[in-house]
Amino acid sequence: MTDQMIAPVRPETVDVDAAIGILKERFPDAVKDDTREGYVGVVVERSQLVEVATAIRDELGFDYLSSATAVDYLGIEDSMEMVYHAYRISGGKPLVFKAQTPRENSSIPSLIDIWPGVDFQEREAYDLYGISFPGHPNQKRILMWEGFNGHPMRKDWKEAYYEAELKPFESRWPKGYVRRSEELNIFGKNVAYPADFDLSRLSDDTEASLYAGMGLGVDVEALNSDEELKTDRLVVNLGPHHPSTHGVFRMVVTLNGETIETLEPVMGYLHRNHEKIGERNAWNHNMPFTDRLDYISSMSNNLGYALAVEQLMSRGMRYTPPTYRAEVIRVLMVELTRIVNHLWAIGFLLNDLGAFFTPALYAIAEREKILDFFEATAGSRLMCNYMRFGGVFKDIPERIRSTANLLNDKVRDFETTQYLTQLITETLPRAVDELDTFLTDSEIIKTRTIGVGYLPTETAIAYSAAGPLLRGSGVAYDVRRAEPYSIYPELDFDVAVRYNGDIYDRYLLRIDEMRESLRILKQILPRLERTKGESFFSGNKAVYMPRVAIGEAYGRVENPKGELGYYVVSQGDPKGPQNPWRYHVRAPSFINLTVLGQMCKGQKVADVVAILGSIDIVLGETDR
Amino acid sequence: MYGVGILKGLGVTIRHFFNTYVEDLRYVGKKLNNTQEFERRQGVDSTGLYTVQYPEEKIAVPERFRFVPFLVVEDDDHPERPGHDWCTSCGICPKVCPPQCIWIVRSEDPVTKRPIPEPEAFFIDIDICMNCGLCAEYCPFDAIKMDHDYELADYDRTGIGVHIHDKEKLSKPFSYWRKIAPTTAWEEAVDRGGWEHIDVIKQKQKSGAPIAKPGPTWDSPYVPPIVPVKEEAPAAETAQAGGEAVGTAAEAAPVEMSAEDAAKEERRKKREAALARKHAKEQGGEG
Amino acid sequence: MSSLDLRQLHDTEFPIPDEMQGNLAITSLSKVYNWSRRSSVWPMLFGLACCAIEMIATAASRYDTARFGMEVMRASPRQSDLMIVSGTVTKKMVVPIVRLYNQMPEPKYVIAMGACASGGGPFKEGYNVVSGMDQYVPVDVYIPGCPPTPQALINGLIALQKKIDGQSLANMDDVPWYGVGPSDPVPIPILGPDIIDPRQMGMIREQAMLAAAGQPYGVRELPAVAMQIATKKISAGAAVAAVSAASVVVDAEAEAARLERRQEAVARKRALLAKS
């Protein structure tokens, strides 16, 4: 205590502006303010990036690197840059720093020694932008395959079905003669080959390069020792078609006997070019696309994107923040989504543990009721597309009713409030309790999970783990509290946290979080009642192509799977562009996987799927 | 004691197991898929989850349910313009469509080459459509709506008009929309000020003809207006003027997005109002 | 299939001797055979993307595919009859999918669930997305929607059952997996600078030659827009026809060869039958 009084400025607690001041003082030549319109943070000379980053982490206390991504400013600055968002694990605003590189021979020093969590993100930047990261031990493509032609996210790279730079396309109206894209391509497929393509030198070396560096080759000395059981090294592929990889995820593991020596996640099997398409889309086009990121919790994906764009819009002229009712509805939806997601996650974690389908069926039973509510409100069970910039799509309907229009249709008709109240106060708590009784004490589950997949606190922070994975390791970091958004500050809830960092704790944490969500939802109900009839949208709902003020924004929400961030840049058109210049998704599933290899090392192969299940990934978001 | 946890878990399973039979016993002799039973089982206070016997019984989808879009056209027995499109080919929905799967050909007057507010062709590629509903949300004429018919499975997607829905396949009468979404249709009608298409309403307001007003609640019965005997309007001239008006309206549409300052907004509103007046006028003349 | 048109049934290639015309055994065998086949279609436990979630929801308690004998989801392609392609097919993923398809035993069926699997879906324009599963493997039933609701999926499954019902045992074209020998595997695509369908090798070579000669390559002569206007009523269909016509230029040869082989095999079998 006294220490603090004597030293008035402790660099690791000062606010972001002061921290930037300190940084500029320490590195006068390397650190400059980012003075571009609508930008924040500092630009760091890339030759000194590593030193500056070390100072940011160690001296200023920004120990949690939330996101690292590249932006291509072709035609604006003719440079590329890496943008890093560093946070303090104790909460607060980010320190944003950037490093620029020319577009040709672009390279930026790797920060992997400072924050190992940038591993996949740098690989992604290498894959999609062609920026090389000297110092990165494993710089390979991550989403596309080795040998793919070009770096697709560069602004001058065009895909086979390229039609125009930006949407909306001219050809759709008023002379919109329908043409399938296949029609325009000579191969009738979504392919384009380089002009100098030499078929004779065609070799599919994707797999070969994958296995390189897996530590193959048997260490005969060790294997021949007499005390040890004789084992052999073996490479096993799990996925991309594997019942327990939660989609098309693939792991290549080297086994020594049954013990895992190395594990390398291989992804990109669901790389749907979300970001490339997102940069062509107009701002509001992206909303339904965000549904398809984490397709189990589309509502919270929507919210994150809405928040990011609202941040940008709020810098423009006429902007009215979302109304109170809109915020209440948003929180209602997001918390219901959290329950949906955790029910799903627990059900399928049990699947991975070998309890095939019964727990999953019990867990996702009540989910259907929440989906019914989503369907009645937003129109779709999964792909809700419900949030808008400045509010929500439509108010909650008075009655959940349906009309028979097909043969044999059976109609239901409920009062929405009654339905919700019943759901939140009875059905869902009952379901959570039942799950708790069903699973928590089971000795089989305990034996399989306690102590397995251990993730120490420091590693979790260093690897930028987020969500239940981070909180299960004893870090009470929840964006809803660390950097509050929407109406969370006025809601009473606790950040669930568990300390052992194993699968069991992550499971317990999810149960806790569902209970906390129910607690929030119970507070939401009276607010819903109170705001009934108020406007659920601010601004002009008929504006179908909003223009968004120039600048950058990073909007993040606590998604059920972890911190979901959207880094959006609005550039180009001085009137305020219709389309994002950069649209990046900081996907929790993707970044949480960085630490998978660490967690699995030394574990048995049967536990790998369980560890993966406890991270709770979804491939739509991992690969985007 | 070791094993208690497992027994507890098994208790849950056994409870589930017996509950199914308890349910069955409760309904011995009753027809299981009658409507009241259905509502109870799929309802708010049912415990657990009941299987929907799909082909025999289907959960009706809620009103806001979105599947592929359809175009609203006037009913066949509409007194003035049976089968007329509600779509004015204003071009908003192809712009807001995120995967850009709407193609519209705007009609032209064969003589004057001016646009006519009715699409000549309208295509939606349902192999691209993401059922997002943005087209329906932003259509200013309530002309494109999300359909509820999800039973679209077929054996071939490349046949004529199979997975690229053309205008013929997309068009469904307004009464269908009122049937599948009574409250939404009613709300929209209240916003428009009548059950008719907005242009028709404006034209009727101008000429003083009776308008079918929506009732006070969504389920109040539909009262068609008494159709007055109408005189023939002078056609060619007004149509020409009208075409121009639509053209400018369409051109003006993208401009309105910019959000710069209040004065501009004011001007925009005024201009819009003026345009709407003009539009209504020519519609009046034309019809 | 409650009523079978006998005349239609006998209108097959199956060599029924004149005096045996009207033999009911074949009909009922087909019926029983199809009934048992369609009531135990085992789908592969195989999810790709968002649609997979709806597929799981369909298999779960509320919609319950067990009612159709489809509850046994097998992770191994060797044990499954039906591949539900439930989600976006990416270029990287299509390689394993084709491999899985080849590993499935005959009779095998493919359902393209959702817009993505049918024809590319909302992500169609993306550089890593395949515009429809049917570009690589034959698809039996398409279910549009994004995502199709569980009820829509079941509707598709019923459509598949109907298709199975319609396959007559007497018609070698319906059940080619009897006696014709192993079916040809679908060539597995190669990941080069972009995905390469081995069936299009010739075409790619041609294009490369054009490029080497400095001529424009990779372009396609499109019908003039005026033509499109004239045929706009059917332009959707025409467009598709154009596509399929063009994309199978190279496939056609392989297709013809395969057909020939198959006809030969059928003839062989017929001869055998006639002899016995």
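By letter and in written order, the chains are A, B and C; residue numbering begins at 1 in each of them.
FYI, a contact is a pair of C-beta atoms (placed from the backbone, for glycine too) under 8 Å apart; a residue touches a chain by one contact, two chains touch by 3 or more.
What you are looking at is a predicted structure, and each value in this text was computed from that prediction instead of being measured.
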Pair with more cross-chain C-beta pairs in contact, given A-C and B-C: A-C
Chain at the geometric heart of the assembly (C-alpha centres): A
Averaged-CA centre spacing for the pair chain C and chain B, given as whole angstrom: 34
Distance between chain centroids, defined by C-alpha means - chain A, chain C (Å): 35
For chain A, residues that touch 2 or more chains besides their own: 175, 177-180, 288-289, 291-292, 365, 368, 383
For chain C, residues that touch 2 or more chains besides their own: 61-62, 120, 122-125, 146, 149, 232, 235-236, 239-240, 243-244
Two or more partner chains touched - positions in chain B: 49, 55, 58-59, 61, 98, 105, 121, 123, 125, 130-131, 151, 164
Residue ranges of chain A in contact with chain B within the complex: 167-169, 171-180, 281-282, 284-289, 291-292, 316-319, 358, 362, 365-366, 368, 372, 375-380, 383, 385, 393-394, 397, 400-414, 418-419, 422-423, 430, 434, 437-446, 542-547, 575-576, 578
Contact set on chain C toward chain B in their complex: 61-64, 67, 115, 118-125, 132, 134, 140-146, 148-149, 151-152, 154-156, 158-159, 163, 232-237, 239-241, 243-244
In the complex with chain A, residue positions of chain B that touch it: 2-6, 8-9, 11-13, 16, 33, 35, 38-39, 42-45, 47-49, 55-66, 89, 91-92, 94-98, 100, 102-106, 115, 121, 123, 125, 130-134, 137-138, 140, 146, 148-149, 151, 164, 179-183, 250, 254, 256-262, 265
Of all residues in chain B, those that touch chain C in their complex: 49-55, 58-59, 61, 67-68, 98-99, 105, 120-121, 123, 125-131, 150-161, 163-164, 166
Touch list for chain C against partner chain A, complex: 45-50, 52-54, 56-57, 60-62, 75, 87-88, 90-93, 96-97, 100, 120, 122-131, 135, 146-147, 149, 190-197, 200-201, 203-205, 207-208, 211, 217-220, 222, 225, 228-229, 232, 235-236, 239-240, 242-244, 246-248
